[in-house]
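Shared between the two complexes below is chain A, which pairs with chain B and chain C, respectively.
Here is the complex of A and B:
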């Protein structure tokens, strides 16, 4: 049942940072909070492995945690946001509207979004909870 | 304008960016994260590498392919931003474009960049160059005039305080530096003008 819940009933979460270490470390912190109850993926670093973000990696991360309930994406600085929005537009049309890039701090936002998602909240609620950190 | 070789146009734009990579990175080190030249160089090297397959495409397909390569390879915000400009041109141009077609496609492409960057004219970005160049193109300016407009527009970002992009974190300290995106955009426009209107 746990697997079914993770794949079919919970909002997934993607963390996008310029730094692979920040992205992976953020997911580690989230995992400590929610265990395996939320599908998590990260994308960090430019296509050559330096600091930056990579649209292809972000698309792959979204697909990896895809759930019909949607996917929340947490980003750090400007380029991560721009590249995440570009990645969303490259998804098939039926998936696009179920993915939201959150305007929230990356670490705190990811932890609180995942905690909210683990309780079975909708994408809108998960995103709003994360974005309240900047409100 | 003469009918230019597609390959010559792509090479001219890509090579000028690659040749100025260090200068662009230097501008970005002053007010950003110092990767603008490196990132665009990576993207345009990929564009050059794909020329053997892409040079025989129609103008719309070639421009869309360049845009997508930049989106996928650049690794910074400039990838989606410059890529969106090329994608916008490709989507709007017919197979055999006239100057009027170029004016309309350029307007659409500039709107696309504004939407992608959530930015407007005057925020110390590449849009500060695109907007006056588009206006010049629409009012009939030739290659030499467009180059001058682009150069002056990039120069005009120097006294501005950045309100968008990484440079905006610096607040008043962004004043006194040319925006790297404005500079790279002006370089690309000049390179395109040189091919579209030789001797301009």
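Here is the complex of A and C:
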């Protein structure tokens, strides 16, 4: 089943890393390789500027790229995934099911997910394509 | 653009030589899949006319083709806009992906 969607909408993308530099650099790489047609945001580092992830930053990043088509989240290690999942839980109920944390490598997954999203693919397809990298 | 309705699925094939320095690496693969996705036709590419064929709309599969400079890329497409799709993809490869 496909929901009706507006032509100019695409799945948004959030990159979550323990390192702000990795997160920002990944988004920069995606923008250069894929272009500006996909909404991108990143969250990295703990509130004190050290290594870590911060649920509030992740929530803000998801809200920043929110689209009714959904948001795919790419994460690096351990805490990034659990904090990303916690961030999804903190979203309003109607948004939660439209956000998916991908089981994919963060940099390659972000490039692949953005490439897929730029073609107007659904959230499920974007996530599935990024997860092919581990298949 | 071909405006004549084609009833039966018609397969068209074509080739293009990779002339850009890096071959079918990450950035060219992204451009190729993005262009392929603008068509409704089923589009595949291979390093040989006998396959194995990779879905040209799948960025993961296209990157795994890993074709270096000088490789002959084989395309096949089927569906209503297959001729236009084939022409556009061959032109993209021959333009060296607009990067050089």
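Odds and ends about this structure:
Convention: the second predicted complex is superposed on the first by the 127 of 135 C-alpha atoms of A that agree within 3 Å, B and C clash if a C-alpha of one lies under 4 Å from a C-alpha of the other, contacts with A are read in each partner's own complex, and residues count from 1 in each chain.
Convention: a contact is a pair of C-beta atoms (placed from the backbone, for glycine too) under 8 Å apart; a residue touches a chain by one contact, two chains touch by 3 or more.
Keep in mind the model is a prediction, meaning the values are calculated, not measured.
Clash-free side-by-side placement of chain B and chain C is the outcome of superposition onto chain A. Contacts of A:79 after superposition on the shared chain: chain B is touched, whereas chain C is not.
Comparing chain B with chain C, more residues of chain A are touched by B. With the two structures overlaid on their shared chain A, chain B and chain C come no closer than 26 Å at the level of C-alpha atoms. When the two complexes are laid over each other on chain A, chain A has no residue in contact with both chain B and chain C.
Contact residues on chain C toward chain A in their complex (touch as defined above): 26-27, 30, 33-34, 37-38, 57-61.
Chain A makes touch with chain B in their complex at residues 18, 46-48, 50-56, 77-79, 82-83, 85-86. On the chain B side of its complex with chain A, the touching residues are 33, 35, 38-39, 42, 71-81, 83-84, 116-117, 165-166.
Here chain A touches chain C in the complex through residues 33-35, 111-112, 115-116, 118-121, 129, 132-133, going by the rule given at the top.
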